[in-house]
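In the two complexes that follow, chain A is the common piece, with chain B as its partner first and chain C second.
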Partner chain A sequence: MTATDTATIAARLVTEPRRTTRRGRNALVGYAFIAPAVLLFLAMGLYTLVYSFGLSFAKWNGFSPTWEWVGLDNYKDLLFADPRLAPEVRNAAVNTGIAMVAVSLGTVLIALPLATLLNSITRLRGLLRSVFFLPYVTAGIAVYYAWRYVLEPQGAVNLALRSVGLGSLSRPQGFLADPDTALPALVVIMIWGSVPVAMLLYLAGLQAIDPAVIEAASLDGAGPVRRLRHITWPLLVPITVAILLLGLRDTMQGFQIFLIMTNGGPGGHTDVLGLEAYQQAFLQSLSPTLGVASALGWLIFIAALLLAVVNARLLRSRQ
Partner chain B sequence: MIGNRRILAAVAAVALTLGVAACGSDDEGEATGGALTMWTFKRTHVEALQQAAAAFKAKTGTDVKIEAFTPDDVFTAKIQSAAQTKDLPDVLELHSGGEDMRVGGGGLLADLKGDFDAKLDRFLPSTRESGRVTQQRKDTIEELSGATVGSLYSVPFTAGTFGIVYANKEKLKAAGLDPTKPPATWEQFLDYLKATTTADKDQGGLSLGLKVTQTGFNWIYEQLAFAYLGQQKFEALFGKGTTAGFGSPDGVKTLDLYSQLKPYWIPGASALGIDEADIAFAQGKSAFNVGGTFTLAFLAQNNMKPENVLAFPIPPATGGAVSDLRLAPLALTGLAVTSTSANKSGATQWVDFLTSPEGAGIFAKASLDLPATDLGTQAESLIGPDLAALQQFFTGPAQNTYDAGNRGFRPPDYDEVEMGNPLLKLSPLGEADAAGTGRTLDTVIKAMWDAK
Partner chain C sequence: MRRPSAGAVVAYLALTVYAAVSLYPFAWMVSGAFKDRLEILEGGHLVPHRPTLATLADTWSRLHFFDYFLNSLKVTGLTVLGVLVIYSLAGYAFAMIDFPGRRFVFWFFVALLFVPSITVLLPLTILENKLDILGTHTGLILPFVNGTAPLAVLMLTNAFRAVPVDLHDAATADGAGELRIFCRVYLPLARPTLITIGVLTAVPTWNEYVLTRVSLNDESRYTLPLALEKLASGTVPSYNEIMAGSLILVVPVILLFLALQRYFVNGLSGAVKN
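Right after this comes the complex of A and B.
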């Protein structure tokens, strides 16, 4: 062993512990930085999840000192056992299903052509993109109230229909008080709110397609329809699946629009599962119904989980 | 060195987070025994309560802070969360005869029996026992299973009744009707409606907050059915295993009477909340509006002059059992002292003052709402001639008096929302006829009786 070798080994012996110490210190710093987030998740996320799951097997009004354990009764009541609650839940489930399908499909049917048009123009694209994105920025409680005024018997929609000679299409009771139009009107507003993000996603997808591929297809004689059908559309399918599933999930879990605009009316025609859960929790004159509300929340969660599984499978099958 | 700084920064971040979390805990160390806090769910009561609080402070030196949480779901969530964090106020204004029982049964309210049993004669007779735990309530309200019969969880605060029709005098005049003469029968009421809607098709009809579907059932149908059938047959509609229910010939007849309102609702009535319907009336978008005695205060707050309003109870139908319908006043809200109050004697004193003739008078004058305290001869000067005039309908023979507070003949698990939905489908939606609605209501009542 030369003197140099000895020096190298000695140096390594000195630096190794330093490196280990530094690595440990770095790890400690990392853990310290994520600790607040972890603590918050444990306090606000995991705790509430476990709490709500436990509550779904109990009867409680939110302030009594004890919970009354009822096992699976809340779930059974919601699904079939309670002759008053179960039909309400079934009606809400049907309305939720209709809204989920209509909002998701409607969003795709409007967002895709819109994005295609935006992608095909060069002038004013930025401005138009901002204009089309406005509903997403402004959607919220104030906008829901604005929509209510628009859909009233003397509102802008009826007025517009009458003034262009389409009075037969106007609704004398307004669109939200009429059982035939209440749910479709809410679906239209939800589509209006969800189109902007879908349009942006499609636009990003369209701009990611290599123009050379389209150009090659054109040189090979493919017309616009064939190009759309055999090149553009297959490349946009993963985005479409994502948009559809996002729409399905949002509509299934959301209830604010139903609460603010119709409160489930008229006569239960716009009652949805999320609203039903909210009403069971907070609009029962302090009756012990928080357990039923939690159970319904977990049933909605299971449905959302199934959707997520379908989502994963569909995306995997496309890869 | 840099490593040390990073560690210090991370530790500081954790400490800050924990510090913020610690700041979020309740202020247990706050001084107690002085100022009082009171929560109400009625925004229209805040100013009047503040005026009463000012008078109370002048008398006792105790400050009372009034806070309102609306709508009902917000108030409910507030009580639930405050109960968990032990941050309840000293005094609560609650719905009488149900909400107060549930909150009291949950252990959140003090028993006021010792303080108020000797003072209950200051209240209108039909409201005195509204906050009492009775055996019947104990049997039907789950939360009262551990409560002691005789406990007093609240004392009545506001009183009144539903089924009061408000008419816009100017619209009556415009339709060629006498604005000082209320319709005496249901048929005359329909004639009035016909006249006002003929005069003004869009803004001459009837408004009611049918988005809260039970209003149609509680505020119009029940009074109408009671007057037509009489007390015994009316109660039989709700009977267990009854053959004289809503689907019986008598029941269908009452539903037929109700359905006659169909042409006269203002457009979009089924999408209106209670406040929205009242506001529509105050803004001249309807000629008639149905509410309770408490509605006048809200109308006044929305710039409807009380002198431009003609008020009368739902008129009875011709040929019915009762031709002179009376409406028993019931306690609508009650005052309760929380069991966690650090100043129970001060809180009880405040409740005592608010329900005394002096405090109730201040409240009544400022709010235009009827207090449960019997104001006697002062009533007219305090609440105005219009509201005082309504009090004439509060007294009369028992067989002619519809008492919304009498719940004994209904199923223990009675839920008025479930009665409202089928009635909404009868009118104004017109999705079902009277016979079909009767069958549906009988099914709903049966399910309530069969409930666990």
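Right after this comes the complex of A and C.
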């Protein structure tokens, strides 16, 4: 036992009696500090969660005085029982799945080379990083309208394709009204919006790599490919996993771009789960679909939770 | 001066191409905002033949975008203020003060990160209706603040935990209470994190559309995204006005980002480096 250890213990002994009184006071101070956050959550968060969970087992149109309890029927209807609703939900689930995979992969495939290139240059790096980052901060209704404007039948994309001799790729009715191009167009815009953060995370990862390690490997005769495989890539794997999961989660939960740009059209080709829940909740006027909307919201929640569990597993196995 | 290598040329070329992709919709937004009603229908050309300020001026004053701008400013400003005050207090308590249930409450807040907004959107409007705040700015601000809880609690608790505990002990020895230590010592040291959270709250709040759309009815309370939607869904929507409105909505966000990106970008990439 060293002298400092003894001193610490002695100090602790001396302060022990005061500690007990302090602990009671500490608890009060602690509760006072978290009170605003907890109160706001009790008011705005907990009530809505519990209410939404209860409602998912009932049929209600928002106006009648009582709920009609139906147990698990809403969930069954959504998954297979309702002949009109279930295929619609399945279609929305397929579109959601396609978008989730395409956006996540597309983001990685663009952001990784972009970050590598950005890391390799010396001039203009800061300026280019700012430019690349703009889509992230501005993604929202204004930019979605700008995209709609360029994807119109007479819009810039069609005209550009025709002027460079790729007229066969142009879409006379516009990219968002064409069943073949509506979902791909939205996927491209979502990738455009999610590349910035991914690029930034990769750039930070690349800059965290000690140049001395790379240099030592070069001296030992490792070529660029081996350096990439054995030094850079292992360090970027956790970032890639994080970016993929972030992309999957955001695409699964987000539906604002679908609501603004296509509202699920043409003919359900861009219908996604979040949009379906939104329509069941707010656009069915007097039909008793609020319970179904809640149930769909909870199915999305369960999917998000599963994703989170996978996330935790992957991160743990890395360590 | 050294001649640039072939690799560098390719790198700059590729990066310039992606910079153009990043700026593409903004270029057309600006272009459209400076075209008049006739020229917007001709479409296709990026540089307006008869550039005019009338569209922007018209959108700003006749279409009341100034009023909507002030509404957006009010909602966003109060939301950011609420987030910073409420969650820096909570983050400090989670990081520095020992009280029963601390871990439970902390993880509870973080777990909320996984609740999709669509799951609680409907009951939220029902609740606000009962509380008689549906359709008011308060009815937007309270859920917006609450929605930032997981991110803000997580980041601020980490920021306060990173401050050397000696500072706390020294201040305690000087007889300062927790509130005083929090305000005078810890809050100033957490400034980069506070700014990061401020930007991360302000931008989505400024752009928020879904809850605003289902709750606001009174046009005088509209925020910019709703005003834009109203403009676009009019009988004869004209893209020059929509692009002018979009520009009015986007410019403050870009200015905020450019002014604070030093903190903001470091705050985001710091998550990787640690």
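Keep in mind that, in the parts below, the second predicted complex is superposed on the first by the 294 of 319 C-alpha atoms of A that agree within 3 Å, B and C clash if a C-alpha of one lies under 4 Å from a C-alpha of the other, contacts with A are read in each partner's own complex, and residues count from 1 in each chain.
In the analysis below, contacts are C-beta pairs under 8 Å (C-beta built on N, C-alpha and C of every residue); 3 or more make two chains touch, one makes a residue touch a chain.
These numbers come from a predicted model, not from an experiment.
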Which superposed partner A:29 touches (first chain B, second chain C, both, neither): both
A:154 touches, of chain B and chain C: first, second, both or neither? both
Chain B versus chain C as contact partner of A:268, first or second or both or neither: first
Partner chain(s) touched by A:286 [first = chain B, second = chain C, both, neither]: first
First, second, both or neither for A:143, with chain B first and chain C second: second
Touching partner for A:72 - first (chain B), second (chain C), both, neither: neither
Partner chain in contact with A:294 - chain B first, chain C second, else both or neither: second
Touched partner set for A:40, first chain B, second chain C, both or neither: both
First, second, both or neither for A:213, with chain B first and chain C second: neither
Chain A residues touched - chain C or chain B, whichever exceeds: C
Common interface positions of chain A, toward chain B and toward chain C: 26, 29, 33, 36, 40, 43, 62, 152, 154, 278, 282
Contact footprint of chain C on chain A as seen in their complex: 23, 26-27, 29-31, 33-34, 36-38, 40-41, 43-45, 47-49, 51-52, 55, 62, 110, 113-114, 117-118, 120-121, 124, 128-135, 137-143, 145-147, 149-150, 152, 154-156, 159, 192, 196-197, 200-201, 203-205, 207-208, 239, 252-253, 255-256, 259-260, 274, 277-278, 281-282, 290, 293-294, 297-298, 300-301, 304-305, 308
For the chain A and chain B complex, residues of the former touching the latter: 22, 25-26, 28-29, 32-33, 35-36, 39-40, 43, 59, 61-65, 68, 82-84, 148, 152-154, 172-174, 176-177, 179, 182, 262-263, 265-268, 278, 282-283, 285-288
Contact footprint of chain A on chain C as seen in their complex: 7-8, 11-12, 14-15, 18-19, 21-26, 28-29, 32, 41, 43-44, 46, 85-87, 89-90, 92-94, 97-100, 102, 105, 109, 112, 114-124, 126-127, 142-143, 145-146, 149, 153, 178, 182, 199, 203-204, 206-207, 209-210, 214, 224-225, 228-229, 232, 239, 242-243, 245-247, 249-250, 253-254, 256-258, 261, 265, 268-273
Contacting residues of chain B [partner chain A, same complex]: 3, 6-7, 10-11, 13-14, 17-18, 21, 72-73, 76-77, 79-81, 83-84, 95, 98-99, 102-103, 105-108, 142-143, 202, 210-213, 267-271, 273, 415, 418, 421, 424-425, 428-429, 431, 444, 447-448, 450-451
